[in-house]
Amino acid sequence: MNQMTGIKTLADLKKKQEEVRARINLRDKAENPESLVQVKVAMATCGIASGAKEVMEFFVEELDKRSIDAVVTQTGCMGYCFAEPTVEITLPGREPVVFGYVNPAKADEIIECYIKDGELVDGIIPQNYDTI
Amino acid sequence: MITLTIDKKKVEVEKGTTILKAARKVGIEIPTLCHFELCDMGIENKPGGCRICVVEVEGRRNLAPSCMTQAEEGMVIKTHNIRVLNARTTVLKLIISDHPFDCLVCAKSGQCELQHLATQFGIRSLPYEGEQSHYRKDTSPSIIRDVDKCIMCRRCEMMCNEVQTVGALSAVNRGFMSVVAPAFEMNLEDSPCTYCGQCVSVCPTGALTEVDHTNDIIRALTDPTKTVVVQTAPAVRAALGEEFGLEPGTLVTGKMVAALRELGFDYVFDTDFSADLTIMEEGTELLQRIRGHLAGDPDVRLPILTSCCPGWVNFFEHNFPDLLDVPSTAKSPQQMFGAIAKSYFADKIGVKRKEMIVVSIMPCLAKKYECQRDEFKVDGNPDVDFSISTRELAAFIKKANIDFLNLPEEDFDDPLGESTGAGVIFGNTGGVIEAACRTAYELHTGKKLERVAFTELRGMEGIRSATVDFDGLPLNIGIAHGLGNARKLLDDVRSGQSVYHAIEIMACPGGCIGGGGQPYHHGNSEILSRRAAAIYSEDERKSIRKSHENPSIIRLYEEYLGEPGSHKAHSLLHTEYFPKTNGVTVHLQS
Amino acid sequence: MSQYKMHVLVCAGTGCHSSESNLVYEMLRDEVERKGLGREVQIISTGCFGFCEKGPIVKILPDNTFYTQVKPSDAREIVDEHVIKGRSVHRLLYTDPETMEHVLDSKHMGFYKKQLRIALRNCGTIDPENIDESIARNAYQALGRVLTEYSPQDTIEIIKRSGLRGRGGAGFPTGLKWEIAGRNEADQKYVVCNADEGDPGAFMDRSILEGDPHSVLEAMAICGYCIGATKGLVYIRAEYPLAIRRLKTAIAQARDYGLLGENILGTSFSFDVSMKYGAGAFVCGEETALIHSMEGKRGEPSNKPPFPAQSGYLGKPTNVNNVETLANVPVIILKGADWFSAIGTEKSKGTKVFALAGKINNVGLIEVPMGITLREIIYEIGGGIKNGKKFKAVQTGGPSGGCLTEEHLDTPIDYESLTAAGSMMGSGGMIVLDEDDCMVSVAKFFLGFTVEESCGKCAPCRIGNKRLHETLTKITEGKGTQEDIEKLRNLGSVIKDTSLCGLGQTSPNPVLSTLDNFMDEYLEHVHEKKCRSGQCRSLLYYVISADDCIGCMACKRVCPTHAISGEKKEVHVINQEICIKCGACMEKCQFDAISLLNDYPRVAVAINN
Amino acid sequence: MNQKLSIAPEVFTYMEKVTGADGVEVIVNLPKEKIEKINDICHSFDNDPRELINVLHETQHTFGYLPAEVQDVIAHNLTLPVAHVYGVVTFYSFFTMIPKGEHPISVCTGTACYVRGAEKVLDEFRKELDIKVGETTPDGRFSINCLRCVGACGLAPVVLVGEKVYGRVSPDGVKSILEEYKK
């Protein structure tokens, strides 16, 4: 990191900050998760087996690309093994919603409709559980 | 100007004035302990450590030390309400609780500022008993350190470091264990101490005192086989009277001579005599060097430095070992006297060297060390056996219940008691070089000096300079008193930037009149200037004011020494210097 | 640039470092590499999280999982279970002492709930040895704004309006301090950061320097701009090697980037920082002593005025601020004076960091808004008293402070209220004491500290504190008298009133405040020769039970002072006046007949006589 | 005067002439390499007397302690009276004129450690090693010092042996800590 490129103006400093912000983005977000979109991907054995890893990566990359402030975390088995991969989405100020059978295409739909506009999409699993 | 109220009295003072001084202006004397100043000389010690001088300043949370708190517009100050008195008394009791209770046998008893305060505050009980700090007592040839009695006023540290730049003493350790001491708590003797005694002259308690030789002298006086000869330095007569309640600046030459006779000395002589002798030798050396310099001799070193002051000699041996060939080789008057007394005079009266005891009364503590130096001994027998200070002489006179004030005025004995005005002024800063100029001028020009008093060489500034016209030869004279000032001139000499032909240096502020063995001036610089004035008035009263006109001196050269600078004069009256290195290590080898 | 999905923060503060958190960090990193997760999971060593009681701490983001007392050997399980499978490692989670349940994430830990972290905002979040992480968290933005948009006076106004006061102890308004230093003309001025945190039991400055050094450097530069100084000095304790290292790294990185040095951010402002080391003298926290120490002298304080703002380092105008104070400055500039002054009480704005220690469950570093009560701190953040003991007092302000009791628990904490209660804010040490602590001994402990740390310059502090300590010792040894108690009071108030510097002016506080609040304990020690908490050894009494003693003479033979009397097969008695409490008899007795009481055994004495 | 204590035996083997920055030549009982090392340290701080404390730190770091001779050489380099150097060395508790033991034991006596029983731990070390605080065992293996708060209050009471930190030390645990180093 000591690339000797001096920061010569305030604009330089701001540019530098943009460059390095990604490093700690996650930490900033973690401080106030309630105010952000929270995406929890169930990443237990069954989830991973049915492709949760790809789904999680998709969320991480796409949310960033589409400039949506969100926290993507993994969690253990939510108990809906029949519907894996499952994803829980919490919009700020709203109750969590769990979607089942999520693949990258479904994830794209969730981002575009539910996360961006708050419109519900298919695949919601009824809520009768407590998050651990 | 700032107006403030002290104990309901309005007082107007200049901005920057301390509360202490503002109070004095309206006659309110706030007690102090660590505070000390010689204001004409820019010497001041105010660490704010003793907290005896605290006063209440309205609106302030804590009591303020009046010695270092500046007066501000509209201040309302109380110097003696219950809060202040309780605080002062408590602090004083605390200080006493860490101080030995041996006042009855303390060298400082009666002169101790702590004792005075205890009297003033009417201390009757010591409720804060506890551990007292204990240190080793350290005796050097001149000074005794009994730091159990140190109250950490830091005056000695200030004198030793800031004024004298000797750096022998520093506060060491921390908290309750803190004390002022040489490095590694070594003996003063092994430190770079010059024995100038300025630490002793400012110590408020008995922590620093001189080595007392009175008993040695009593032993000599009671020994019928000994002939005891005494010499008195010029500055003593200008200060001794203070110890007997006389006004500072009262000359007591005659009474002093009478008292010494009463005490039983066989011959009462005058160091002024050997001061004249010093001028003969040193003045000759000065002229030789200057003439050599003018003749283009590359081996001649200029400036020439005076060498009468043993504190100064110690200082340059410690700090300027590379410049040992610069000072004059002439011995100090004390040692010239001893050398002549135990040779010329002893022969004259037919007394063997071993049967003669030479005592000196000096304003100085370094003289005690000087007379013990090996160069000043013949077969182990010192030229001067004992040197006591003005204070010790006063104590001796009192001990012998001599009614000093009612003594008749008596004259010194012959031949070593005869002196000129030039010898007398040796006691003041600038006096040695003035005396040298009087003689050197006439010897160099062959003309009679019109104006004997070189007033341009007088004064109290730490460093002075003047150009004296030797009939077309302009001589640049430098004068320094106080070793810190001397260091500045010596640094110039070392770096080759000195513009002087001759420099006079005295270790003590004011010269010998402010010596470490004089009656305590307690920071009153008025006392020093009055002593100086007394010395100059003695000079004026003298009929002969030039050393080379002293008949006894002339006779001495005729009968015994030959010419100034002769071989015999050299062997008796000149000396050499030795490098002394500071620090622990040299001592550890030996 | 790939984006990490998960950040694993490992505390590398001194506390956790002492329990091998560096090894935890290395093991986690190796494990993640081995599992091929290096591009997804970032392992970062950070500054202090504050929860030192349960260190080493590992925190996993974004889900805020908070693992405590993690050992290097736990690294594999964390990676296997948490990182890969997304399951928390339950045995490493923090257990709520009240509910005895595991707490999943730090947001729900009582310790963090009531905290508001401003000065500590980046501690435990960023890698302090990487300037980029600081820059990402707005480091030097405030400096940039000040240099390009505000005049020095504008900036000082912001600080003044924010109400920020010195966090080192006395609470002098920071903006005003800067203004005074700015007003004094000189060819050279200095900004000094006082990082000589000598208060035993306080370590907030160290944590800030270890966890977020750039915030302090930035604030020093802002101060330099305001007062017209181009040189900054950090005076730091040599006992803080880690903080020194991090600060050195930070200075080097900031210089590399041109954020320290000549013409910062293209402006005409130049500023550089160098370091000076303390050497173990508490008094050097006092600013004049600190300056003398920086000049290579004994760290003795001198009278004020002149204040350092007039004549400080090398005689030049010098502004001295404490680390925590400085750490607040950049946020205030960025978020505004109003934002800051909305936090706290009327006269004390913002937050204060406290080092919570002693007999409390959650020892650690906390930052709370001014005005919070002691009760909230002790019971909600601190998790209550250890081992279910009874709360007795809380000592704030370190050796300069005093003890607060039950009745002060609901006092809102700020500079004024603590002073009014006989204590002080100090640098923020907060030591909780329980029923097992003897208040006379606690006062003696603090005085022992002062006696050792007094510089010796002024008489009341040098000798007075020694006498206070001796008198307290006498009382704890059961030799005290009523007169001694009165002596303590007078001496204490005179030392406060007459001492030269802040050290002496506050050193009797532990005595005076315990005299005020716990006089009954003093009286017990003096009149009943009793120490209720059993802390004073001399006030414990060995007693032989008449029921159990068989008169075997074993104890009598072993007693070094012949304090035990009694004939063979008769009950033995210990003469309390002679007993030196060596315990030899108790060790020797095979019949458990000797016990230790903390009440003077009057009955036994009566029999004896 | 504990000068004897302050001088390590090997120091007497050589005597060297040193010329300080003040131009004055002195003779010091120190091996030449040591003098040169001290000179280097002083020089790296431009022989600036204001850097005395940093110089002392660096020197103590190199030699382990600050015997009289070393202070003397420093004084000459920085043109300070040696009494001043000694005054500074004795003021700061971090500086020592006595060599520490091979395994210096530091017991934290900060407040947090105190209320959690540091004093009893300290007593135990004193008893086990039979030396006082500030002393070194006759065999030079151990020395005991107190220090004020290392900031690991969560681990109170804390003991350091060299650089290694021991937390939550009880008096009973003292023996086993010492055992680790006695081999």
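Order of writing sets the chain letters: A, B, C and D. Residues in each chain are counted from 1.
Here is the rule we use: contacts are C-beta pairs under 8 Å (C-beta built on N, C-alpha and C of every residue); 3 or more make two chains touch, one makes a residue touch a chain.
Small disclaimer: the values here were computed from a predicted structure and weren't measured.
*Asks:* Computing the C-alpha centre of each chain, which chain sits at the greatest distance from chain D?
*Replies:* A
*Asks:* Could you quickly compare B-D and C-D and let me know which has more C-beta contacts?
*Replies:* Of the two interfaces, B-D and C-D, more C-beta pairs touch across C-D.
*Asks:* Give the identifier of the chain nearest to the protein's overall CA centre, each chain being represented by its own CA mean.
*Replies:* It is chain D that sits nearest the middle.
*Asks:* Per the centroid of Cα atoms for each chain, what is the distance between chain A and chain C, given in Å?
*Replies:* 40
*Asks:* As a quick test, compute the distance in whole Å between the mean CA positions of chain A and chain D.
*Replies:* Chain A and chain D have C-alpha centres separated by 56 Å.
*Asks:* Quick one: report the Å distance separating chain C from chain D, using the average Cα coordinate of each chain.
*Replies:* Chain centres of chain C and chain D, defined by C-alpha means, are spaced 25 Å apart.
*Asks:* Quick check on chain B: which residues sit in contact with 2+ other chains?
*Replies:* 171, 173-174
*Asks:* Touching two or more other chains, which residues of chain D qualify?
*Replies:* 80, 84, 87, 91, 93 - these are the residues of chain D that touch more than one other chain.
*Asks:* Given the complex with chain C, which residues does chain A contribute to the contact?
*Replies:* Interface residues on the chain A side: 1-2, 4, 6-10, 12-14, 16-17, 20-31, 33, 42-45, 48, 56-57, 60-61, 64, 71-76, 132.
*Asks:* In the complex, go through chain C and note every residue touching chain A.
*Replies:* 1, 3-7, 9, 42, 61-64, 84-88, 104, 107, 125-126, 130-133, 135-138, 140-141, 144-145, 147-148, 253, 256-259, 265-266
*Asks:* Can you name the residues of chain C that touch chain B in the complex?
*Replies:* Contacts found on chain C: 281, 298, 300, 302-303, 305, 451-460, 462-464, 466-467, 470, 483, 487, 490-491, 494, 496-500, 505.
*Asks:* How about chain C: which of its residues touch chain D in the complex?
*Replies:* On the chain C side, the touching residues are 13-15, 18-19, 51-55, 198-203, 206-207, 238-240, 276-282, 293-300, 314, 355, 357-359, 363-364, 395, 398, 429, 431, 433, 437, 442, 445-446, 449, 452, 455.
*Asks:* Applying the document's contact rule, which stretches of chain B touch chain C when the two form their complex?
*Replies:* Going by the criterion above, the answer is residues 47-51, 54, 62-63, 65, 68-70, 83, 86-87, 90-91, 94-95, 97-98, 127-128, 130-131, 151-152, 171, 173-178.
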